[in-house]
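You will see chain A twice below: alongside chain B first, and alongside chain C after that.
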Partner chain A sequence: MSPRPGFSLEVDRSTPPTLMWHGDGFRLEKLPVGSRVLYPPEPLDPTKDVDGAIEFALTHPVGDSEPLDALLSPDMKLVIAFDDVSLPLPQMKAPDIRQRIIETILEHAASVGVEDVTLIAALALHRRMTETELRHAVGSRVYDSFHPRGRLLQHDAEDEANMVHLGLTEHGEDVELNRHAVEADLLVYVNINLVSMDGGHKSVATGLASYRSIKHHHNVATMVHSRSFMDMHNSELHTSNWRMGRFIKDAGVKIFQIETTLNTNTFPDSFSFLATREWEWTLRERASYLGAKKSLDLAPPWLAREIMHKVRSPYQLTGVHAGEVEEVHKKTLQNVFRQQLVHVEGQSDILTMGLPFIGPYNVNSIMNPILVYCLGLGYLFNMYLKKPLVRQGGVVIMSHPNRPEFDSSFHPSYIDFYDQVLTETTDPRIIESKYEESFARDPWYIHLYRNANAYHGVHPFYMWYWGAHALEHLGGVIIVGGDPGATRRLGFQPASTMTDAIEMATSIVGRDPSLIHLHTPPLLMAEVN
Partner chain B sequence: MKALSVERNTRRFAAAKLMSYASTKKAVEYGPLSLVEIDPPRLPTDEWIRLRTRLAGICGSDLASLTLRTSRYFEPITAFPLTPGHEIVAEIERAEGTTRYVIEPALTCVPRGRPLCRFCSDGMSQLCESITEGTIDEGIQLGYCSSTGGGWAQEFVAHSSQLWAVPSALTDEDAVMIEPLACAIHVALQLDLTNAGSVGIIGAGTVGLTTLSVLRQLYPDLTIVIGARHAAQRNAAQRLGASHVVKPEELNRVGRRLSGAMVKGDWQSHGFDVIFDCIASADSLHDALVSVRPRGSIVLAGMPAKTTVDLAPLWHQEIHLLGSYAYGEEELNATQMQRLGVANKRVNDDQVQRVRTFEIALALMSKLHLGWMVTHTYPLDNYLEAIERASAAGRLDALKVAFDLRRSGNERKQ
Partner chain C sequence: MARINRLPFPLSKPQWPTSVQLNRKISKLGPNFETDWSRRYGVRLFRAVVLDNFVRPSVKFVASPEVFGEDRLIDLPTPVIFAANHSSHIDTPLLLSLLPDRYRHRCVVAAGADYFFDRRWKAYIWSGLLGAIPIERQKVNRRSGEVASKLLSEKWNLLIFPEGGRSPNGLGQEFKRGVAQLAVRSGRPVVPIYLEGTFEIYGKNSSKIKPGKSRVNFGKPLTVEDGEDPRSFGLRIQRSIDELASELHDDWWAAKLQRSSDSLPPLTPVGTSTWLHDWQRTANLPPKTTSRRWPRRFGSSSR
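Moving on to the complex of A and B:
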């Protein structure tokens, strides 16, 4: 039976309560009659022969690219860059798709006699991956072969000696890239595309770039003109990355892009209730829900977090394409939308969403309030084509504990951002002009980014800019069950229950508001007419 | 007359200290302070004058004394029984009318009828060598001397040299803040901060806030970061011009960020140029030592007591630690005079002139009008409530708490 498409359910008296994430736990919420709940399509049927599909992609590239073997030669310098730990979410069951692709590329390289091979995790300004995370991404065989010889690197955007300034785009944007990538005879990029924002020219132009370069598109002006940044044709973020990507190509950097798409088979069987529509829950799924909810509610936050971060996703491959960047990405987007797109008629006054325990920037770590903000107003709010799900001046209601907890190893500059910046203002433009530079150039943050496992000092700013479009668009934001102090610090209102939150929202959007609930997991992308 | 009096009674002091860990109100109730009917102090010489109290502030040092949290260093130079209160605005009734005065409470060579000591003759009367001698008992200030009484009574006596007439433009509340402001002026002038990048203030009680207000006047562009725990303190700090108002535990991280310092444990490669420690506890001193830059300075503005502090950073980073007590005379250049509102002195840009700190405080108060910081006043009869509120001022939305002894009830605010 082919997977059922996504749809919009109108809540009536017989509709069972709707499942929502609430950080490390879940809630069942009875939404008002007439509300619409958006359900994503069921997981697409996976590619049956993954190795065969990879092999096919490498030998049958799209666009004007030659097959991989034709691009390889014994005395060449080959660099393989790959997406970092921020993808996919949660981490997928071993073997990770990156491992399978990298191993195949290496087999091809070995058969041609390529000896000079370097692997680079394309961190951009993200934190360095731990050994465990690297092993998971590339596999232990690759790790043990390359890491001891200094051939498995993590991109260091602050290593000035190993960055090359290629020049300026026609819009005056600095293009500065990792020296290994620039000096390679061939740069192969291995991507995982979980949402439509990922991939394309963004892989190299952002993943292997410096702050000097990234700041040209990771800024408030760009983000408020990206409507949405999940829709590359209406995204200033992508326009800038595409300019840079073409500039990189013209500068002579030869890129062989490999993009993969996954289905939404996000959680293992023990959490199957997360992927099943509530009225179809089996007795076993009801029991699993109750068991999981009770256990997670009773567990202290650190334990609940640890339990959830240990989950490995049974994601399955739905497509792999290789070759010229732009042509590859077109195929990728088709696959992403095939899996995630839901058509929606008309916007609502209120958009509700449950926020999970994980986002791209807190893998194996704490979802701090700035990441809560970014996940809700950055990522989920922007999961649209054409128009936002909520109307101009509408209200977003998010469900999350939003505890003022931080991981001082991974997010040191977030702590200062929360305590020293958000206490003064939440206005993205003021934040950008007054504070960004000092955080970005702070030697301690740079030291921790380069030598420990810290996100770059500027990273919390990008999180804030990610939500800038939503902040401009919305009339209010309410967090259900969130820590009141932390919620107010973000500039939002706290509410104890969903009913209270909806009541509070009526003071902004008026009586009898229309409501859409974005049902996650899994992820969905709304095309709003 | 009615007065709050402190006796030298070991048992009551011990009880107060013990109870202070549980309840300030109980500590005061069972401690050495009591409301009594006593005779007004006699006039030591004909240079002394009897005054009637209008407002008398409750200072942190008063509170510490009542619960024996002060250093025993002060015991031999304090004369019991005493009436506390050294932040005083008082009045003298004469045939031609009533005149209001703010009292400069230091009991130095002049009030004591002594020839000027080495420090008094050099304009540093806060370091006076005569505080145990002369026509009155030992005691560093009014409020710590049995001969003079203090502001927490209907009447007290003061030497004519201690009186500063209050201009009509100043309210009583403004005037009662002049003594704390004078202390803050002395604190702020301890170091030349013209080339400083940033300074931190630990503590947002009266000492911290008044220090902030003076620093802001003296250095309009200086980055001043203050650690303030409570809402009333945070609001006040913003009103007084702090560049950043942060939680006390955040001060260190702000200093690190502003200076772009590296950190490993308590070691920090850089930090604030100067820290004004307006609490002077073990914790605040520790915070100051780990937040100030190498070769930076810590100005101890709060009144310290016996304490245990790890001085390793002080030694390793060659940090300067200096105290700042009370007031005397200050050396001001033309810019400082202009910024502090001392308009009646004329000096050239390259000259300095000595001005009494109290004179500066009077002038500056005419500019700042800090009377709004007097948030709560009480009659003497309600001294337990007054002291309880003053002890937990920040938590209870108070800044300065004072006793109100004015005769007109409608001048009183609660």
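Moving on to the complex of A and C:
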């Protein structure tokens, strides 16, 4: 049976309660009659022969690129860059698709006799990956071959000696890239496209760039003009990245881009209830829901987090394309939208969403309040084409425990951001002008970013800018079940139940509000007419 | 015996008159041993219970295997031919207990007809316990190949040792053509496997089992290319196993480069083997003690 498309369900009196994520656990909420629930499409049928598809992509590139073999020669310098631990979410079951692609590229390189090969994790300003995470991404064979030789590197945006300033774009944006990438005879980029924001020129222009370069598009003005940043044709973030990408190409950096798309087969069988529509739950799914919910509710937060972060997704490949960056990305976007797009008629007054335990920046870590904000108002709010799901001045209701907990080794600057910046203001523009520079240049954060596993000092600011468009658009934000202190610190209102939250929202949007619930993850992208 | 033979008939066996055609009885042992019964449901269930509850823990105790490359089998459809180098009787139970579930319980093992099937009791024990099927290894025998092909067409996986017998010195031996011929005939993929350390545990001339460490490296499945003959495919299997060995002794990338430049150290010595071959082989053996560091040195999926 072919996978069923996503759809918008209108809640009536016989509709069962709707499943919502609530951090490390779940909730069943009865939504008001007349609400609409957006269900994502079912996972697409995967590519049957993954190795064959990778091989085909490398030998039949799209755009004006030659096949990989024609680009390889024995004396060349080959650099392979790949996406970091923020993709996919949760991490996929081994073998990771990056491993399979990198091994295939290296087999081609070995058959030609290319000896000078370097691999780089394209971290941008993200934290360095741990050994276990790197092994998972590239596989033990590649790790054991390249890491001891010092040929498996992690991008260091603060290593001035290893960054090259290529120049300024026509809009005066600095383009500064990793030296290995600039000096390579061929730069192969291995990407995973989980959402439509990923990939394209953003891979290299952001992934291998410095703060000096990234700040031209990771800022409030850009984010407010990206409507949404998941829609590259209406995203200032992408326009800037594309300018930089073309500049990099014109500067002579030869890029062979490989992009992959995965289906939404996000959770293993034991969590199948998460991807099944509630009225189709079997006895087994009801039992596993009850078992999982009860045990996660009873477990202390650290244990629940440990359990959930151990989940490995059985993601399957739906497409792999290689060649010239822009042509490859067009095909990738088709695949992403084929999997995620749901058509919706009209906006609503209230948008509800359950926030899960994981976002791109807390893999194997704690989701702190700033990341809760970013996941809700940055990522899920922006999962739209054309218009936001909620009207101008509407309300977003998020469900998450929102505990004021931080991971001091991965997110040190977040702690200071929470304590020093958010206590003063939550206005993104003031935050940007008043505080960004001091956090970005702080030598201790830079030291931790370069030598430990910390996100760059400026990263919490970017999280805040990520939600700037939503903050400007919305009339209010309510967090159900969230820690009241932490919720108010973010500038939001706490509510103990969904019914209370909807009641509170009516004071902003008026009586009898219309409501849309985003039933994610698995992810969906709403096309709002 | 000689004295009994000299006794007169009827105290000894009668002689056959030369003018009467000899009525040869076809032996039901050796390559002709019928093993269908060993693949019936009840026997398979018994074998699975023994394999999972007795053989696996015993093998783990005796050979402490470290496993590499299992991820290469992730979406490989059955049936598959597993081809490994061979230096010990431990090899078969070791591999059977390490194969991923979907192969393990539907797997037959090609065993030397002259060694494992020369007595009725041995034939029943090996086909019952390990799912062995008799393969003639000394001479060309059509029946052996037909039985193996038939089983592959019935979706049974096949474990075979292309060297045709255990190594006398732990070094590799020339591969026989049977595996490649079978792959060409059936069109099924061959998974090359490199085994190491089992010669030290229970080699061909050992009188007792000495528990130790072993390593198993599963290779990327090989399929016969258009127009490839059994000889060249057989060589490719052999080179792949050499490469798997080199992967463990050096690393994956070095092995790839060595193979592309045709400088892989072969497992099978060229010419007469000398002490130097033995020296090199033993230098590469798995360390006798496990590192206390965790995860282990190779970050493998060791069990």
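Simple rule for what comes next: the second predicted complex is superposed on the first by the 529 of 529 C-alpha atoms of A that agree within 3 Å, B and C clash if a C-alpha of one lies under 4 Å from a C-alpha of the other, contacts with A are read in each partner's own complex, and residues count from 1 in each chain.
By definition in this document, a contact is a pair of C-beta atoms (placed from the backbone, for glycine too) under 8 Å apart; a residue touches a chain by one contact, two chains touch by 3 or more.
This is a predicted model, so every value here is computed, not measured.
On the superposed chain A, the two partners chain B and chain C both fit, without a clash. Using the contact criterion defined above for the overlaid structures, shared-chain residue A:45 touches neither chain B nor chain C, since it reaches no partner. Once the two complexes are overlaid on the shared chain, A:132 sits against chain C while remaining clear of chain B. By the touch criterion defined above, A:95 reaches chain C but does not reach chain B.
Within the superposed three-chain model, A:115 lies in touch with chain C and out of touch with chain B [touch as defined at top].
In the superposition on chain A, contact is made by A:443 with chain B only, not with chain C. When both complexes are overlaid on chain A, the residue A:415 reaches chain B alone and has no touch with chain C. When the shared chain is aligned, no partner comes close enough to touch A:306: not chain B, not chain C.
Of the two partners chain B and chain C, more residues of chain A are touched by C.
Touch criterion met: A:145 reaches chain C, while chain B stays clear of it. Superposition on chain A places chain B within reach of chain C only down to 26 Å, the least C-alpha distance between them. Comparing the two interfaces of chain A, the one with chain B and the one with chain C have no residue in common.
By the touch criterion stated above, chain A contacts chain C in their complex at residues 50, 94-95, 99, 106-107, 110-113, 115, 117, 132, 135, 139-146, 148.
The touching residues of chain B, when paired with chain A in their complex, are 244-247, 250, 253-254, 256-258, 260-263. Contact residues on chain A toward chain B in their complex (touch as defined above): 415-416, 419-420, 423-424, 438-439, 441-444, 447. Those residues of chain C whose C-beta lies close enough to touch chain A in the complex are 68-69, 71, 74-75, 247, 251-254, 256-257, 259-261, 295, 298-300.
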